[in-house]
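What follows is a single structure, written as structure tokens, with notes after it.
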């Protein structure tokens, strides 16, 4: 395990607490008189909310094993969507002033629908029509209208207009957050990183449930502390995770606590790198269009990734770049059981990894996780990589 | 009314075949035989065992009514049942017979679970049955108990000793079993695993129940109703008091026997 | 006496001809796509365009060749597609993997005919990826997916109509570049009017089932809509459906029906699942229960009045309106096509739960339903599953409502015993409801 200074340990500890006590944190933000908006998909343009003085917080799993939502949405939807639906029905998020999502995968759309239909969010919800294929040429114009409608809705909610200056400020805060997170992840490229993959994942996840300015302060302190520290050389095998939403940090801890020495060097998921690995251009005069340009240029979710003309999955370009930069020895596909788009990408990505000589394994996420089974699979992957004799 | 007439009800289920013999309002005897893979033989055995217990012969029966998943298979010779009734009809009749104040019965069987809602006359109003993923709860419970070297009753008692809240996968019995084993491999206390298994089953049943109005009194039938842990969790999940019918595993067979009078009109 | 449709064989022959053309045409352009796409733009490329659509082909293959279908699905799973993936997708991709294709005239051809282009859309999170996978396995077939967006009242939203229309304009340019053919607006506009006409015709035919007795049952309707999903752009499809509409109108006048005994009328929200559907239909038929309205069969390729003053109506559109549509320019034709496609119940219901709920309410009333039967498919995530579970919750205390598990074409996922039990239960509830009980 790489050594980190006490200061950075403490900050990471605070990030972890932020995730574990996110409802308390959110309520404390509300207590200061701010409005709160929950979001279920990272394609929601948070900057518009932030520009109106609303703090966006991502809806994460509660990891409660329950079957109640099977009478609201189908069995064979992912457990992440079931869990999010459940939390709405349990009124865990009643303190939110708004729940927003963009047209994303159908499973999460259903979770959103449950909140709207059955959990009392009818009057405080907004579905942002969002292109299902991000790479179409007319997508930008479409989003001008769509984001424009969302902005109007938010202005009504906040009871004040959102000016171009407001948007510019919000964009700067969010871009700063993205840059800081990127710097944090870049530390894992080092020969002697001062931080671990699970720790970086923790900070990234925490950023999604925090006020970004507060988060940025903590990130700056953390990065300062880490950049000033001496790290130990990463030992053993380098693993990269790619897949869907995963807010179960225990799985990332497991990866680095196998019977072998393993370092988790990158996570391509919407709860990790895909969340922030882009920027909104700051030099465009029209800030709404700048937002659209940024959001359309980000790493696409597999549910939205189909380049017209070629059928290319644009996300693969990014994955190959990550492989080049972070040099994993193996890849772990990590996605929710019953997810539709992720496994469809896996079948196309595996041949690419095979050509690169990178072994992989697949783990299916559920509300509860079979730790010993996962351990077996992960260790088998490591043994394949290190060619351990049977 | 069947004053004096002795009738038999057979509930040919996936796991067990139950026989009940009644006369008027009195249950004379009941018996259970494992269904196995010869459902007719099991039905015969259950009936014969019941008859032998009270010392009457087959020809003294005014009639036999069958219910359960295999009701149509057992209706032929040699049993030659008088009629068959669907399980949900039998369950309602049986539940109402045993508890005239009841209005909802939840039946947790070996393979299927269902809930029925009925009125003050015992007339069926609505039914909900489990979806495919939730099949086999009872069979799973028995399998889990056996893998722990226990019977169902012992497993339930063990679950009551749980001190830590752990969960297994909720998707289906297969994934629940897989994770139960995983928990055991991780060294989790067996009592906690037993409780997690009970909770899983209660979750699946409770989720199904929410489709119905759950009018009081709510009663529970089926062999698994004898698990106090399961009942405890179920009551918590549906946020209602529930009571277990006497002879819970015989509710269907009782209802079948009661249905004999329907075949006389 | 049950009525025998005179137009029956023509419908079968049309579907088979389309598939045979795709397989064996010595020249022309092979276009693969989705039945949910707008098809007319492809016809602007010439008069020798041969289509194959993923969903209808998978459905008809499963019905014609159950064993081959199982092999196809197995091959797809062995090839890496997950167990939980769409079974249409797996069957279709499995044929590509096995390099053989089976069609409705009982032909099994070795060697999968490579499409020249793929023209598709994005109905669900697997849908566009389906064709990405096929394209990849065939060495990289040029493909163009149109994002329809969808949603309730989508056809009335200018930003959606413009978005989709702009994509189609771009797509036409792409088709020219990729095929090297000059796009003919004349051919396109003709195909566009035919496409719209067929959709409105099918809506008219389905709306006839509001009569008592309903002239057609769902099993007949499922067998009659393939031409509209396989290729609805031809003069021949228009003739087919015009003839059918004439015949069905006659049946309504004379109170004839293919299933005269209709003691119970059922609204069905579910896919036409290949396995088990006949068994369910038999259980219902024995009780004199018939499915007279189905959101899938009606809404996959049919248009209705839709939302009128906030409430959904299954009343048909006026056919004369189609003849009078101004399609004099490419853009106008594109716009009208887009509006009609966005008006499909499926495109509305798949994205807006409230639209689906409204459709169900209207269907129950307008088709005078005695029961609502829900059959979500276990491997489909669109409106065949999305929203159905909640529908049971909403409707159960208003009308006998039962839901059973099924699957489009994967027999392993079809819960046949459970479905049989629940269908029997459904009949019992309808009987009791009619008597004033349940």
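We call the chains A, B and C, going by the order they appear; numbering starts again at 1 in every chain.
Assume a residue touches a chain if its C-beta (ideal position, glycine included) is under 8 Å from a C-beta of that chain, and two chains touch if they have at least 3 such contacts.
Just so it is clear, the model here is predicted, and its values are computed rather than measured.
S.K.: Write down the pair of chains with the top C-beta contact pair count.
M.R.: A-C
S.K.: If you average the CA coordinates per chain, which chain's centre is most distant from that of chain A?
M.R.: Greatest centre separation from chain A goes to chain B.
S.K.: Determine the chain that sits nearest the middle of the structure, using the mean of its CA atoms as its centre.
M.R.: When every chain is reduced to its C-alpha mean, the one closest to the whole-protein mean is C.
S.K.: Any idea how many Å lie between the Cα centroids of chain A and chain C?
M.R.: Between these chains, centre-to-centre, one finds 36 Å.
S.K.: CA centre of chain A versus CA centre of chain B: separation in Å?
M.R.: 46
S.K.: If you average the Cα atoms of chain B and of chain C to get two centres, how far apart are those centres in Å?
M.R.: So the centroids are 42 Å from each other.
S.K.: Using the touch definition from the top, which residues of chain A touch two or more other chains?
M.R.: As it turns out, chain A has residues touching two or more other chains at 70-71, 75-76, 337.
S.K.: Considering chain C alone, which of its residues make contact with at least two other chains?
M.R.: Answer for chain C, listing residues that touch two or more other chains: 378, 392-393.
S.K.: For chain B, which residues are shared contacts with two or more other chains?
M.R.: 131-132, 210-211
S.K.: Would you pull the chain A residues touching chain B in the complex into a rising list?
M.R.: Where chain A meets chain B, its residues are 64-71, 75-76, 79, 337, 366-368, 370-373.
S.K.: For chain C, which residues are in contact with chain B within the complex?
M.R.: 378, 392-393, 396-397, 403, 405, 415, 418, 421-422, 424-425, 428-429, 432, 437-438
S.K.: Can you tell me which positions in chain B touch chain A when the two form their complex?
M.R.: Within the complex, chain B touches chain A at residues 131-134, 167-171, 175, 178-179, 182, 185-186, 199-200, 203-204, 206-208, 210-211, 237.
S.K.: What part of chain B is in contact with chain C in the complex they form?
M.R.: Within the complex, chain B touches chain C at residues 69, 86, 88-89, 112, 119, 123-129, 131-132, 135, 210-213.
S.K.: Given the complex with chain C, which residues does chain A contribute to the contact?
M.R.: 70-77, 103, 105-107, 109-110, 113-114, 116-118, 129, 131-133, 136-139, 141-142, 145-146, 302-303, 306, 308-311, 313, 337-338, 340-341, 343-348, 350
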